[in-house]
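We just call them A, B and C in the order they show up, numbering each chain from 1.
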Amino acid sequence: MRRTERYPVVGSNSLWHIYKTVPFWKVMKNFIVIQLGRYSPSLPFKNLLYRRFLHMRVGDETSFALMVMPDVMFPERITIGRNSIIGYNTTILAHEYLIDEYRIGNVEIGDRVLIGANSTILPGVQIGDDAIVSAATLVHKDVPAGSFVGGNPMKIIYTAEEMTMRRLNQ
Amino acid sequence: MRRTERYPVVGSNSLWHIYKTVPFWKVMKNFIVIQLGRYSPSLPFKNLLYRRFLHMRVGDETSFALMVMPDVMFPERITIGRNSIIGYNTTILAHEYLIDEYRIGNVEIGDRVLIGANSTILPGVQIGDDAIVSAATLVHKDVPAGSFVGGNPMKIIYTAEEMTMRRLNQ
Amino acid sequence: MRRTERYPVVGSNSLWHIYKTVPFWKVMKNFIVIQLGRYSPSLPFKNLLYRRFLHMRVGDETSFALMVMPDVMFPERITIGRNSIIGYNTTILAHEYLIDEYRIGNVEIGDRVLIGANSTILPGVQIGDDAIVSAATLVHKDVPAGSFVGGNPMKIIYTAEEMTMRRLNQ
């Protein structure tokens, strides 16, 4: 179960009233920072941008690949540990806007985590240390530390124990 | 079965002859409108753009999130009802160009439908009222009204009846 | 099994040291060429760009749709035959950067191949002649010639023999 806080809305859908739920200037500022980060060739500069202007927690030496897309509304809900890799064009969502409510949830990614390209991470999930998320995965639930997951819907491909055995047998 | 009209081509593949199948100026105009819409912060302005210049049918209060990508060649084949949400970076295709033919099909999305982020909707499908499509779904067949679907390939996760029961039990 | 060459790294993750593994100027040049190609309306011009400046092998009449994303680091590892179609926003990766190593692998796509929109092709795979890859597929292993594949994880939907039968029965 993903951990999200739910806010019901009345009348038209929650996205139609977006700037009642998050200030216009905040979305604009976040969008500009995210676009700079998406195309910046310097990894340390991206981390500085994300920490300073999006208020994301990003550990040392964590690497964002080209065109990563952090949440444009609530990026401050995203925490990533140290020495992790977030792959090309990964989408990290901290919100979901539904017809009759919207939900906000923290995304917590551990240390030495690898997220493959084109993955989508939903609000309210935790990804444990040393986990490997395959490319194009929909991360719609927690990922156990050390495991290798992938697919849509996401499945555990190898548990942490199986990954340890595979490394020993190499 | 998706509802598409099929046009065989001879010689090289259908996309190589793209501007024999759709006028160059139309694709250019559509592309500019779509790029404006992808990054516009105003939801009512997007709806105006899509209705006026792409000839899409879009119902009142329907909300397009950031970077939605309607079909660049045949957007006039797309109909969306009222009070629906089309999530971040969703691709709505009304064409498919194959090696020896191309196909065009209407996409019909109902009222109060939620399409999750990064989904891909193929030509010739209908999505019924009140349906919920999970993030990153490949919508390659019809979605029954009121159901909750997701995955790649797409599966029904909860039927309309199950969704009603879940709401009552909340 | 995908065919990749593996390069271990010590200390922080492989992406953090990106410009020790591939020259900065090469990535910059590739990025500019790829961005031009992503949005160019002329298909022959894209092929010229990709052959001349990215050193990809691209056969005659092969068509790249809008916003295709070839590998920004090692595009010279990508070979595509003649009269194929690479669909909208397809990502073709020739590298994968993991925490403690990086891997590089050739991508070989045959003649008359169709790749559907929003697919992700991983390094070290071969896609045989006349294969059809559905939209939004994660191509994480070889695709047999003439087959129809799709899904995430990728599965064979119809074998080459079944595809031949289906064409005869039409």
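As a convention for this text, contacts are C-beta pairs under 8 Å (C-beta built on N, C-alpha and C of every residue); 3 or more make two chains touch, one makes a residue touch a chain.
Being a predicted model, the structure only gives us computed values, none of them experimental.
Judged by shared residue numbers over all numbers used at their interface, subunit B and subunit C contact each other through mostly different positions, with under half in common. To fit its Cα atoms onto subunit C, subunit A must turn through 120 degrees, a value rounded to the nearest 5. With centres set at the average Cα position, the gap from subunit B to subunit C is 25 Å. Counting partner chains per residue, subunit C has residues 136, 152 touching two or more of them. The residues of subunit B lying in touch with subunit C in their complex are 12-16, 18, 24, 27-28, 31, 69, 72, 91, 93, 96-99, 120, 122, 136, 138, 140, 152-153.
If you check the complex, the residues on subunit C that touch subunit B are 41, 43, 61, 63, 65-66, 83-85, 88-89, 112, 114, 116-118, 130, 132, 134-137, 150-152.
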